[in-house]
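As written, the chain order gives the labels A, B and C, with residue 1 at the start of each chain.
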Amino acid sequence: MFIAEENTIPASTGFSDSPENLAKHIVRIKHLNVHAGEHHILKNVDLEIPRNKITVLLGPSGCGKTTLLKCMNKLTDLYRELEVSGNIFIEKDDILNTTTNIASIRQKMGLLSQRPYPLPVSIYKNVSYGLKLKGVRDRKLIDFSVEKHLREVGLWEEVKNRLNAPATSLSIGQQQRLCLARGLAVKPSIILADEPTSALDPISSKIIENLFKDLKKHYTIILVTHVLRQAIRLADHAIFMIDGEIIEQGDPEELFKNPQTEGLRAYLVDGN
Amino acid sequence: MITSLVTILSLPLIIGVGLYLKAAPIFDQQSFYSLIFSSQWAPSKGEFGFWPFITGSLYVTLLSFLFTLPVCLLAAIYLTQFSSKKLIKVMHPVIDVLAGLPSVIYGVWGILIIVPFVSDYIAPIFNATSSGYSVLSGGIVLSIMCIPYVLNMLIEVFNTVPVGLREASLSLGATQWESAKHVVIRGNYPGIISAYGLGIAKAFGETIAVMMVVGNVVKVSFNPLEAAYPLPALIANNYGEMLSIPMYDAALMFAAFLLLVIILMFNMIFRYLIHKTKRQ
Amino acid sequence: MRRRQIKILEEKFFVFLSAFMTYSLIVVLAFIILVIFVKGFNALNLDMILKTPEGGYYYGGEGGVLNAIMGSLYIAFGATLIAIFIGMPAALYINVQLIRYRRTQNTIRFFLDALWGIPSIVYGAFGFTLMLFFGMNASLLAGTITVALLISPIMVRTFDEVLSTIPKGLHEATLALGFTRTETAFKVMLKQGFSGFITAILLSFGRGIGDAASVLFTAGYTDNIPVNLDEPAATLPLAIFFQLGSPIPEVRERAFASAVILTVIILIISLGARYLSKRYSRTNLK
């Protein structure tokens, strides 16, 4: 496997690719800027995301949280008007400046969006889609993986008798869990979740939240949310953004109890 | 206000009844079956077998469909999935103008370019001689006329695919092309089939341009380098003499009635499919 | 890794191919227009536009196709006018009276779309039977009515498309102010949808001026500019068609020149429609 060349980040940025830091932080973002024509959507974002933790991105709507999330697996490619510059290291790979194929980088990350987007095929094929793309043909292996990941999201018992039914026949909450299972099936190390519960009923939301708590043993989860309570319940690390800039970040309890900036203080008051 | 709406909506019925009444006398003379499946065409003897014209129409339409199919599908994918905003801005008027050019202009262009091209370059490849006025020329000209029409509908269909679905597919490791294949195409079979179905219906009824390049010879042949005589061309070419030969007018009105029924059916079926998918 | 390379290659190939198809459409359009213009330019002169055919025109003599230009304009104008009278109230009815009945609206739209697909030759044949039924001859009037029938569905659907994007709130607000539904229709919706109205007219007009199969039976052909509704009228598409059938080279050249005239008219109309719809409506932009 091709591995990107040794990064040459000057020490002055406070950025380190020492083995210790690499072991601790799975995503490291440096000087990330995103422009859309006149708009400066992300302004010089520097960020490190801890491994096997839930990192929550918070902020008023339109602050660039979702864009930041989409930069991490380069979905910004779909929006031609966006100009992205800077460095995003996933493990050691700078995904914005690498020759490694983007598809294999994206497979390191599972995506969960605001609304579930099941592919227009059966439940089974939704989960096996990623494996098929990887070129796995072994039927037994695929069967095994489908069952394993449907169990992982607690959907197996509900759908095991109708695996060939169209995925759109599931309820929204089930669909969202299916999308999670589908993402897990490609064996990512990171889960990108963009307000994954905003379209769900409270019970389904609870299920997803509990799943996240379990999943963080094996995965790094980056969660964009606008629900402050959810952030408090889940976060191991919190990042607060306004207007494309990171205002505050750190331990969530510390952050929410003693906000240092006016912006966060105002947001906490409104949010509650 | 309602009167005008009702008038317009009842138009197909009125047209259908009008044409049918005018065509009715022919049924006293010849059975419906022999009208359609007989190849005997001799108006002066009272023999009206439409089979050569029906096959001619089908053949030209089929050929045009073969050209339209890949071009429209690929162009629609490119315009909705890969293209820059700038190109889209250029393509909109291009498609508009292509769709707006009159049939007769396509016919002139076909005579100037396609007909000689077929006779001088295509026919020799197959060691055949052809005047160029052929099913192949008709198919090519027709396909260019149908492309903007089908392409517009495909673009509309593909634009209904939410970006989130493409993002989902990409994040699972698909390339953009794979996403287009799996999500945009597979998820839209009804819409795609409808767009092409409507394209076929349009091609089937197209008159002047085809008539100018297709040769208009009454025979059943499956050589694309030979001439054919599609139904609409038959009607258009013979309106002058149809009143001077008994039953000829009834026969031609029957042809028009046939065209109306076939095309209206195509339109109903595929429009229904499109309307249904749009609402989802 | 091998598999991945194949995938990348596949993507590159198809993206290239589809880009090629897309750009080739621009090339084809340019090619068509270029051919028409280059071929027609030789025979194109002021006489073509300003004179009717004179004696011996069809053997290469003096004259032009003013008869056909005027005939086409008359027919397209007349037909568009009739289509407005039928089409505008129909479109308004769908969007005002039926605003609460989405199902009915959709069913009507479905039928109108299906109507749009009926080929012009069928309209032509129908116009012809109608003409015989009323004992008329091929004339300006018969041609105009036939073309009007042909373009009415286009008029309704194009106009309707714009009207349907007008927010419901506006509609309700005017009703709340005490307007009746009919007043709402003519005062508010028409004003709001004005750009769509113009686009619909231009599109219908363009279709009417370019269509040959519908006027073939119904309008007839003559070397004079018609003065009365019951006189036959020449049309530009048919002028091209007939002149092209001539064995005399000069006459065929003039067919090409007439094609240039028709193309220019159509280009002006369709680009004009595009420009106007862009300029006056924000709803149409995608």
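Note that contacts are C-beta pairs under 8 Å (C-beta built on N, C-alpha and C of every residue); 3 or more make two chains touch, one makes a residue touch a chain.
What you see is a predicted model; the values in this text were computed from it and never measured.
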Of A-B and B-C, pair with higher C-beta contact tally: B-C
Distance-maximising chain from subunit A - centres being C-alpha averages: C
Distance from subunit C to subunit A - Cα centre to Cα centre, in angstrom: 52
Centroid distance [mean C-alpha coordinates] between subunit C and subunit B, Å: 18
Distance from subunit B to subunit A - Cα centre to Cα centre, in angstrom: 48
Set of subunit A residues in contact with two or more other chains: 103-104
Per-residue overlap in subunit C, given as positions that touch at least 2 other chains: 7-8
Multi-partner residues of subunit B (at least 2 other chains): 175-176, 178
Subunit C to subunit A touching residues, read off their complex: 3-4, 7-8
Sites on subunit B touched by subunit A in the complex: 84-85, 162-176, 178, 182-183, 186-187
Residues of subunit A that touch subunit C when the two form their complex: 101, 103-104, 135
Subunit A residues touching subunit B - in the complex, by the definition given at the top: 70, 73, 75, 77-78, 80-81, 103-104, 106-107, 109-111, 113-115, 117, 119-121, 129-130, 133-134, 179, 182-183, 186, 192
Of subunit C, residues touching subunit B in the complex: 7-8, 10-11, 14-15, 17-19, 21-22, 24-26, 28-29, 31-32, 35-36, 39, 85-87, 89-90, 92-94, 97, 106, 108-126, 128-130, 132-133, 149, 152-153, 156, 182, 185, 203, 206-207, 209-213, 216-217, 237, 240-241, 244, 255-256, 259, 262-263, 266-267, 269-271, 273-274, 286
